[in-house]
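Scrolling down, you'll hit the structures one after another.
Shared between the two complexes below is subunit A, which pairs with subunit B and subunit C, respectively.
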Partner chain A sequence: MEVPCGKMYMDSSTKTSTATSIGLLKSIPGLGAFRDHGATVFFLALIALSALITPNFLSFGTLENTLVQVFPVMLVALGMTLVISSGGIDISVGAIMAISAAVLARLYTSGVGLAPSIGCGILAAGLCGLFNGILISRFRIQPIIVTLVVMIAGRGLAMRVQGQLSTSLEYTPLGNFGLYKVADKVPVQIVIMLAAVAIILFVVKKTVFAKHVEAIGDNCRAARLVGINTLATTIGVYTVCGIMCAIAGCMEAARIGAVNVAQLGLFIELDAIAAVAIGGTPFSGGRTRILGTVVGAVVVGLVTVIVNMNDIPSHYSMVFKALIVVVAMWTQRKK
Partner chain B sequence: MEDHILEMKGISKTFPGVVALQEVDLFVRYGEVHALMGENGAGKSTLIKVLTGVYQRDAGEIFFADEKGTGPICRNGPEGASHKLDLSPFRSQRAGISTVYQELNLVPYLSVCENIFIGREPKTRGLIDWKTVERRSREILSDMGLEGVDVNEPLHKQSVAVAQMVAIARAISIEAKLVVMDEPTSSLSEEEVRTLFRVIKRLKKQNISIIFVSHKLDEVFEICDRATILRDGRLVGQYAMRDLTKLKMVSLMIGRDATSVLDKRKRVSAGREGRDLVLKATGVSRARRTTEISIDINSGEILGVAGLLGSGRTELARIIFGDEIPDKGRIEIGAKNAHMKSPRDAIRLGLGFCSEDRKEEGVFPNMSVLDNMTMAILPELGKAGVLSRKAQLRIAETYITKLNIATSGPNQPMRELSGGNQQKVLLARWLCKNPILMIMDEPTRGIDIAGKAEIENIITELAGGGVAILMISSEMEELIRSCDRIAVLSEGRKVGELAAQEISEEHIMHMMAHGSALREDVHGQ
Partner chain C sequence: MKTTTTAKNTGAASLIQSRGPLVAFLVLCAVATIFFPTFLAPVNLANILRQVSLIGLISIGMTFVILSGGIDLSVGSTAAVAAVLAARLSGEFPTAAAVIPILAGLCIGAVNALLITRVKIPPFIATLAMMLGARGLAFVLSGGVPVGADRYGRFSQIVKSDILGIPCVGIIFILALGVAIIVAKHTSFGRSVYAIGGNEEAARMMGLNANRSKLLIYMICGGCAAAAGMLHALRIGSVRPGAAEGWELTAIAAVVIGGTSLTGGIGKMGHTLYGVLILGAIPNIINKQGTLTTLDNDVITGILLLAVILLQSRMTNQVPSAGGAA
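After this line comes the complex of A and B, so read on.
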């Protein structure tokens, strides 16, 4: 019987054959440590490299700047980690960010209050996630196809909702909020980011929901047979991911002070997936490594910052990120 | 010695923390079927993987005769230590060693003939010669008695048994001199086993040697000439089959007297009086695979289901567990009509299910023993969806001790456990939920003899505690040992039911084969 979990790879026979050798690989101490903490190794290496080649790198300003820049990738990557540990993938995250920002901008500039506007932005993104989840679990369409569809259609929809090329939010309470610093020191993004990490970490470590997500990712058929509601769980995962995108989208709109849905969140799915990959959450599902993703997102963000601070043309940052992903996957490979 | 095609001498292999093989010898003669026997974890698979080059040995020598039998071609002994890495899967295959693994290495979406010739397709001018591929595939399969198979159809549309035969066909078609078969019959029906044995006999005539690994003693005694027995990574000895009895072999494998383990019919039926009806299924049908099956089980009773592969036994289990919805018929649990739309509904009613396919339908390989064990009870362990690790640990520790599960701890990943211990974890998964009905499909498949006995004991104890048990097994002895009654299925229908005093191998076989009871007074239907 086919199973409605939206596993990316339906052929399970390829997955398990390598299982025994991983156990062996892990028990070699040095190699195991590198495998498990590849992200941290990268992170430290990158910081060391940056400190060496970048002037003024080790300063509070750089730290603050990096973290604020990392913010959207971090939130999206947190949602993506859940999706990937359920055995799926979501490439519509950028488009969902754009949708939420478009809804927010449209409502907010037409006189709706700040809170309801944000609420509707989040709601719209949640609905997109819900749509993804239902198509994947109920209608058993491959996650990459479903989210590809939302990725393409979503941005078009966002443009339609926004109705104009760019909406300025400067000097509005929303725009000010994007630049707000808690206690005049810590950008609001950092606070939200820490809260998000803490919440997701709690969910993953402590809730039944997260265990069910991992179980679905690890063996979808077995998950059904132990009585897990695979439909609801899968839908939940994509919805949570959508909501994370909404927070990222709305906050980015506020920080930039303008919404341009053609650009907002463009290619962020790649950064988010890269962050998850660097963080060591296996793409075959079954394991969730939130702290790995956190480090992974910072690594991805650092690359951009380093490239900018060293006056290297920015398109090189994409090449560097790609290289890091390749090396990360190589260190975590199943031998 | 000239008459050996393969000599493995003093093979040792250590994995971190585990000595898998310790100075093991294996000598195989030309044209013989050589059984490699041992319990799970005895080192059979490791030895085979050393032979096929999947693992590199730490010490020892391997000699494999070349085509003319004049000399060894893979002499990687201590004197040639620099060649130690030479024995790769590719080289061993090229030398003429071919393996049919327990877990089939086939590509489900390719056709049958593509699977047979994958990696060495005959070519004309650089392009694959499909006509030859198809013709040769048909020849090979019809040689094996499988004329009816459409070689152009994708493999995943075939039954597991056909897939198994395709794997064997591939191994044979490599023109191997030594074929290693690791549990080749585990998913074959009686008839298909016959076909396989005919193929093996033909290979013998062509002077091809076979290493045969199986847990099924009957088959080993039927087809094999000699046996090498391993225990705990060491060599117990090499024997000619005619010098062995089943009992002796089992004793050698487990290292103690086997009579206690292979006890015949030890269950004393509890009787049905004064017990509540737990399950009553009436006229259950689905598609064409199950037709009008009716069974009932009381609390504390073990109902066995016997039948060949494809008899509808697994489908019946799935229907009762709500995994498949019947087209017709009624299922009552505890005298109440049960409308189950999914396994979730069945679990809520107090059912538990251990699938025949542990790997695909049971274990979460990357998750811990703890998580695997508590997965079904998880929602009950926490408050408002937040789970209590303490409660999880308490359950895990209880059952690890109670069921004697060999694990380094509750946090060990499930995939690292042996088959028998995985099965115990899966049993514990349901035991901790206190089910009223346990459905067990092939509960001891792929488990060594000591493990089998342990699992049978758990099941019997469970029934003693009042749990109703539906036990499906293709091992007749197991059913005879454990069950109170046995329902016999054939081609999707229930052909009869045997009460305690009527249970015998003869009766069951007769019913499966002829679709009717041996005597008039055996009550059926």
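After this line comes the complex of A and C, so read on.
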């Protein structure tokens, strides 16, 4: 019977060179530690640098601001980490955010209650993830092309769902929720973010599902042959990613106070992938470094905040992010 | 049991596989003409060609990259950098405005190749980082504001004109495609592209200098993107630093619709033409239809892409896959 494992990710040479190089790598003292904690090093270096050059940097205001801004990237990056450790990729995350937000907006402004609207938004995103997962595992199409299709078509679909390009949510309870602070001190985004990180961390460390995901990422055929249900696991991974996008999308809708399907979550896949790259999860799959991604996401968010606070034109943040990703990949490579 | 059905289907399947994209394009044209008789008018066809030529140029370079098993997400940003450079230089230094942007594209391509071969970053990540970096560079070079190009210079006039009713950019595209087809089929470089895409380890073991080939491949891709950006600047006359956003996805879609496999080693340079034309025909038809919008255009492109992929995967599944690591 056909083994449902297509070529998951297009890098042909890194897999074969891995086996021979790990032995070499272990022999270099200290390098292993840097590899494992590269993201943290970056993070601390970035903090130190900005504390020096930016006035008022080390304050709670900055911290709060950064974390709130980082919220969507963090959530999407968490889902992305699982997908990447399964050996795949998901570039449709922005479009899925837009779809779920559009469903939310359409239902909510038509009078449906808040909770059911959000529920349907999450359901819609879950369906997108399901779609991705089925095409990738059952039809053995490469993840990048499947998610490319959803990325291309998704926003158009979202517009059809919403009936218009942009829906305003201002002056609604949802719009206010986006600015809500728990106990009047902690923005609700930070609370949700911490909860999401905790849940995903639990899933990765304690569940068999996560072990299966890593097995598939490491060697899909072998995983299948030992009896892992690659079909179900792959579908599960992309669905989880979709759900994370839904939460991010709905909260973004709440924060911005409107749903513009062309703008919501635009380019977030770049930031999310950058966060995962900085965090050290290998793109060939097989390992999941959730805490690395968390730090990576904060680094990505920090770049934007630092650029803003120093009155540097915002497009420089793109250059900095690109440089950080390259350096991160370089330090974490297997020689 | 499987072998007999494969043998029976070989006739039709191989016909579709070898000429599939052309068939698809002809079918599309036929359907379009039924609904909109003006579709086949020479003016309309020339328009389509005019619209797709720049993306087509990029797709040529992208085809080489994808055939070699890689991908280049930075082409849009490279085109933007080239466009800004061309716009900046076009007033006082018309010749430089034609040359410097191409050089910039070649350099960006070279950096991509170095990141992939020396720093060993997967092509997806490397070119993603370059996409960000080059976009930032485009903003920096333009100062964040739209840059005006010299609309009345010699080059600009040539680029915007038609020769015998065929748009000049179309001629450039077709010529470039012709050269690319010859290179892909009849040079050792072209064969090395297919070899690397088919099985890079085996290619290296055969003595192929894969790193050098990749350098050329990504430089060609960067050069094509830069040429497209430069022509864009000369044609439009004013370049936003955010120009050419999303072009990389359209180029990838064109290459894939043209039958080139993303895993590398399979595909024909010439078929990219059909992918490009199909992607140009769709917005044209949507325009004629009148009620759909740009976002709907994307939905249709997405569905079409999906259909092609499913078809491709069905056909390659009939062929026993070569072994090798997952």
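By our rule, the second predicted complex is superposed on the first by the 320 of 335 C-alpha atoms of A that agree within 3 Å, B and C clash if a C-alpha of one lies under 4 Å from a C-alpha of the other, contacts with A are read in each partner's own complex, and residues count from 1 in each chain.
Rule of thumb we're sticking to: a contact is a pair of C-beta atoms (placed from the backbone, for glycine too) under 8 Å apart; a residue touches a chain by one contact, two chains touch by 3 or more.
Computed from a predicted structure; not experimentally measured.
When the shared chain is aligned, no partner comes close enough to touch A:Ala115: not subunit B, not subunit C. Of the two partners subunit B and subunit C, it is C that touches the larger number of subunit A residues. In the overlay built on the shared chain, the residue A:Phe209 is in contact with subunit B alone; subunit C does not reach it. By the touch criterion stated above, A:Asn219 is placed in contact with subunit B and with subunit C alike. In the superposition on chain A, contact of A:Ala183 is made with neither subunit B nor subunit C. By the touch criterion defined above, A:Met159 lies against subunit C but remains apart from subunit B after alignment on the C-alpha atoms of chain A. Residue contacts after overlaying the shared chain place A:Val325 against subunit C, while subunit B stays out of touching range.
Contact with subunit B, but none with subunit C, is seen for A:Asn229 once the two complexes are overlaid on the shared chain.
In the superposition on chain A, the residues of subunit A contacting both subunit B and subunit C are 11-13, 16, 219, 221, 284. Those residues of subunit C that touch subunit A in the complex are listed here as 69-71, 115, 119-126, 128-133, 135-137, 139-140, 144, 199-201, 241, 249, 252-253, 256, 262-264, 293, 295-299, 301-303, 305-306, 309-310, 313, 317, 325-326.
Within the complex formed with subunit C, the subunit A residues making contact are 2, 5-16, 87, 89, 135, 139-142, 144-146, 148-157, 159-160, 165, 219-221, 261-262, 270, 273-274, 277, 283-284, 313, 315-319, 321-323, 325-326, 329-330, 333-335. If you check the complex, the residues on subunit B that touch subunit A are 15-17, 103-106, 108-109, 318, 321, 323-324, 342-344, 346-348, 353, 355, 359-367, 371, 375-376, 378-379, 381-382, 385-387, 413, 415-416, 429. On the subunit A side of its complex with subunit B, the touching residues are 1, 11-13, 16-17, 19-20, 22-24, 27-28, 206-209, 211-212, 214-215, 218-219, 221-229, 282, 284, 286-287.
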